[in-house]
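What follows is a pair of complexes built around chain A, which joins chain B in one and chain C in the other.
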Partner chain A sequence: MKKITKQSLVTFSLLSPGLLAIGCLFFYPLFIIIKNSLAFEEEHIFYHYIKFLSSSNGLYVIGLTCLLAFGATFLSICLSILLILILRRKPIGHNFFKTLVLAPITIPGLICALGLLLFWDKNGWMNLIIQGIINRPIQVNYTIPGLLIFYTWLFFPYTFLITFSQVESLDKSIEEAAEVVGANRMQVLRYILLPLAKPGLLAGSIITFMLCFGAFSVPLICGGDYRPLSVSIYTTSAIYNRWDEGSAMAVIMALIQIFFLISYIRIMKRAR
Partner chain B sequence: MHYAKKVLIITFLLCITIFIISPFLMIIVTSFARGWFGTQWMPQEWTFDWYQWAFQVANIGAILKNSIIIAVLAIAMSLFIGMATAWAIARRPVPGKEILFSIILLPRMIPPITYALGISNIFYKLNLIDTYLGVSLAHVTLCLPFGILILSSTFEGLDQRIIEAAQVCGASRWRTFFHVILPLVMPGILAAIIFTFTTSYNEFTLTIMTYGPHTVTLPVKTYLAIGDGYWEVASAISTILLIPSLIVLIIIQRLLKPEKIVGGFKGV
Partner chain C sequence: MKFSKILYTLLLYIITFVIFTTFNGCGSKDKELELTFIDTNSGANFQWFIKTKVIPEAEKTLNIKIHYVVSSGPEIIQRIKTWKEGKGDIHILLIKPKDLVDILSSDIPLETLYPDKVDRIPNITKCLEEYLTSVLGNNLNGRAALFWRSQMNGICNGSLIPNPPSSWKELYERRGEWTGHIGMIRPDAKSSGGRRFVYCFLHAFGIDFSIPFEELKNTSEWDDVWNKFKELYETMHKPLASEPPILFNQFKKEDVWISVYATDYTLWSRDKGMLPETTKAFTLNDGVTAGADAYLVIPSFILEKKRQAAYDFVNFLLSDEIQLQLISTMWQYPGTEIWDKVPEYVWENIPRWEDIKNTRIRITNNEAFNFIREHTMEVIK
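Moving on to the complex of A and B:
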């Protein structure tokens, strides 16, 4: 009995530095935000929440954030599936390609944002190509489709890499067996490959989704007038100095994220 | 038919490659360009002026120093704190391990901007804003979960039989630790250092809420330069920032094979 207590004491003292750090640097700040967001002087304690959620701007900001996150996640899934179908057959340079998609992950988001702004600018290379086709430049920067493209560019590697590692570990003979019994290519994709790759696809896309939802540096620079939740929180509190309102928005953002996370995990469990 | 398909696939891959690489190429070209206006593929004149600006006016040298000091402090703190916790999670019976793990990973699941407000609030009261310690502590919030995740998977991969074998051969506890355990977990520790370094070096959200005139890091400086409209100088700063990121990219690809990260001995 004595030995067990001593052992668990050692385990606890080993665990404590990490837990203490997370508590001080994450949970305590969260507690402070929740405390700041409550209006003790106003007639209603949830005054700032009600004010934000009942304003047209509040709903617009939440809608915009969800639209960008869902849209970019969907585009990432499509792009990843397409790429995986091609790269699975190991064409020339597939290793180079796997390194290439690491670039948006390892390079700071801010640099990526600057590069994307320059590349999609009215005088950028992309518009030079487009002008060669339709004879006039198109506005991509500071628009919603532009933000969707930027988000996809930045965050699709997570979906791609995780799904790809799952597909690579699949047993090739399953596919061959399906082909032997007469399944055509589409059937193999629809009934064999996609269901088998589904756990990877879900796990990868949830990371893409969470990053899109919380993206900060990219919409801050490339958003223009479109300010998703993260940027709105920053401008409300740090620039307009309305910390209580900003804190209420931060709590709402965290709650939405947790809600999506839990629903995603449920879907994932069902998929397994 | 087969040939046409091959050409189609290669074209598609080439397009995606261009799609991914071009923004970086454009930053590099812009940082050397003078008077690059209108519809031109390449600038007419090339110059090093923007780099000179970056070093003389924007004081990049001092900012690079800040970034590296903050990153080193953040790595040291994260690994120091994370090592013990990761060891306990990986190799000791802990009740509710999954819940504990998800609590530790929570800072990476919730958008940093949400708790960044709280962190800056607390740091203001503790006078930690605009100090190296303050900014690096803020970075630890994001680096620590990453560190614990990588380290615990490394420690899990350690084979108990090897440790027992060393003890059977008469090695003392310290000898076992320094000559057996440490060499085995070194790749994992290196991986943790690399990932925490990139996290801290690239971190922007928490930095912008805790920085001050003395602790401007490279990402913050890039942001300020873009905000002021100096895109060429911002490009020059970004090109300088790109170099460590590319080195890390090569290291990840070349040296850190996933099987190395998990201790290498799992299947003995």
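Moving on to the complex of A and C:
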């Protein structure tokens, strides 16, 4: 058995205020949520979990949340790669454009949601342009493709920023070497650039994924009948006043996120 | 000059300014009487109105300083419960009837304003006695004054619907005229507008909410009326609005022409350009739910000089000047009976009080209301 030394006691006493603060501010609220989610009065302590997971609505909500999170993350990766390929050549105004890309992060989600609704409305700017081409408006608001567009617009800057900084740090001579030995642009992208940018891409996309998974304002305002987990938790807890069920749903949401986070980290490790 | 030096100088100026204004403020505190006015009732529109219009006017007229604070009823009730004689730091409360009932049942001592303080608050005599003696069926015994009466009404775009329906039954029968243009807020939204819409519809078609819910839901009328509501839902604009601003936006885009919602908030939002200018309210004579009426109360455990100032402030709030502003600019029915002084243009926007006062519905069956909140979206699908 390891002996408790004076040094380790000093270290522990120095760390204890910090540990206490973390315990009070983070673990205690977490403990309360878990405690609320357990049904001590019912015959099964995990009654609320079972009820939610065995209901068709529960599985639909989880499926919808995953679909939106994965879909928007995929679109964010595609959009980020496209923008990075354009911006790394430093065209005129690239700095301004990079700043513009950050705009969705700086604007509150609720304002973004209302703005997006107006922009994609049947009388909005986008549909005015589209109607000039196909003579009829397209329905984007309150649809799943619409939500994917809105999520991507709101959360892709995280993927973009981290991947862009990774690509910027790459040695250009590697690409030049590939071109010297006869690789075309697509081959350079596929065999040189993307593999080297993969860690940044994965790190950025995981943040985007997590934010998409927990998105609230956008689906609340723009989701219509599509209401993912975050909105369902809010409705169950704050509107129906069923905090126990809402807590169980929140714990399920957290567990799913942790599962995806661990999977992502493993993939990242392999990528390195 | 270096940028950092400019920044440093600017920072110094800001600190000096903050210190100066703070000490200046401290100095003036001794000169005037200060009251704390807690508002647990107002929405965004009335918070704006009270903060920018009422408080400055009251401070000027009464020569007192009023701290206006927005809070929640249950939280304030818990705070007041802990007070001791003379130690109270909230001098006037603006509360909903339900919170007032909670205060009365928790034995928090309140000042009896009517008839005891009629000499200090003469304007309280303009309130109907029935509102001063009871609230939601509980004895009030003059311990509060009525500031406003809130009411939901039919809302329509007057240019698209020049002859709105006069009842829920007519709305249901003429639904074909407005297919795809009848608006409603989701019953499971934070706003209770959608739930109240459904409650009123059920009530208008003969659902007796005095019957306990367990019994009510097994009656044949319950199913029949829900089927009628489903038919109405078929003609509604979809998806239903998730919150009031979305409903207003649907009005603005002319996707929605007609709905039932809070009169004051809708028309105030119209005046702010969020709905078409031609939006107006109309009455449905088979009943629409009352909103949250606003009551003014003065807790007893406050200092005597503050209590006297609080009486003056309540009298000011019940003055014709303020009460007329409530109805003519905020579209809220006043707490006092000043109908003969209301400008005629008001009635072109909202129904007359005499037309709605006998059709106001109170939500009495909470189980049924909860059912509407939690299950309407499943039932209508």
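Keep this in mind: the second predicted complex is superposed on the first by the 250 of 272 C-alpha atoms of A that agree within 3 Å, B and C clash if a C-alpha of one lies under 4 Å from a C-alpha of the other, contacts with A are read in each partner's own complex, and residues count from 1 in each chain.
In this text, a residue touches a chain if its C-beta (ideal position, glycine included) is under 8 Å from a C-beta of that chain, and two chains touch if they have at least 3 such contacts.
From a predicted model like this one, the values you see are computed outputs, not experimental measurements.
After overlaying the two complexes on the shared chain, residue contacts for A:L83 are found with chain B alone; chain C is out of touch. After overlaying the two complexes on the shared chain, residue contacts for A:F216 are found with chain B alone; chain C is out of touch.
When both complexes are overlaid on chain A, the residue A:I174 reaches neither chain B nor chain C. Look at A:I239: by the touch rule set out above, it reaches chain C but stays clear of chain B. Of the two partner chains, chain C is the only one touched by A:Y142; chain B is not. In the superposition on chain A, A:G93 makes contact with chain B only, while chain C stays out of contact range. In the superposed model, A:F26 lies in contact with chain B only, and not with chain C.
Of the two partners chain B and chain C, more residues of chain A are touched by B. Touch criterion met: A:P17 reaches chain B, while chain C stays clear of it. Of the two partner chains placed around the shared chain by superposition, neither chain B nor chain C is touched by A:I45. Touching of chain A by both chain B and chain C, each in its own complex, is seen for residues 114, 118, 123, 220-221, 238. Considering their complex, residues 6, 9-10, 12-13, 16-17, 19-24, 26-27, 30, 37-41, 80-82, 84-89, 92-94, 100, 103-104, 106-107, 109-122, 137-138, 140-141, 144-145, 148, 198, 201-202, 204-205, 208-209, 218-219, 222-223, 226, 231, 234-235, 238, 241-242, 245-246, 248-249, 252-253 of chain B touch chain A. Residues 114, 117-118, 121-123, 142, 220-221, 223-225, 235, 238-240 of chain A touch chain C in their complex. For chain A in complex with chain B, the touching residues are 7, 10-11, 14-19, 21-22, 25-26, 28-33, 36, 82-83, 86, 91-93, 97, 99-104, 106-112, 114-116, 118-119, 123-126, 128, 131, 153, 210, 213-214, 216-217, 220-221, 229-230, 233-234, 237-238, 243, 246-247, 250-251, 253-254, 257-258, 261. Within the complex formed with chain A, the chain C residues making contact are 188-190, 238-239, 242-243, 245-246, 249, 253, 370, 373-374.
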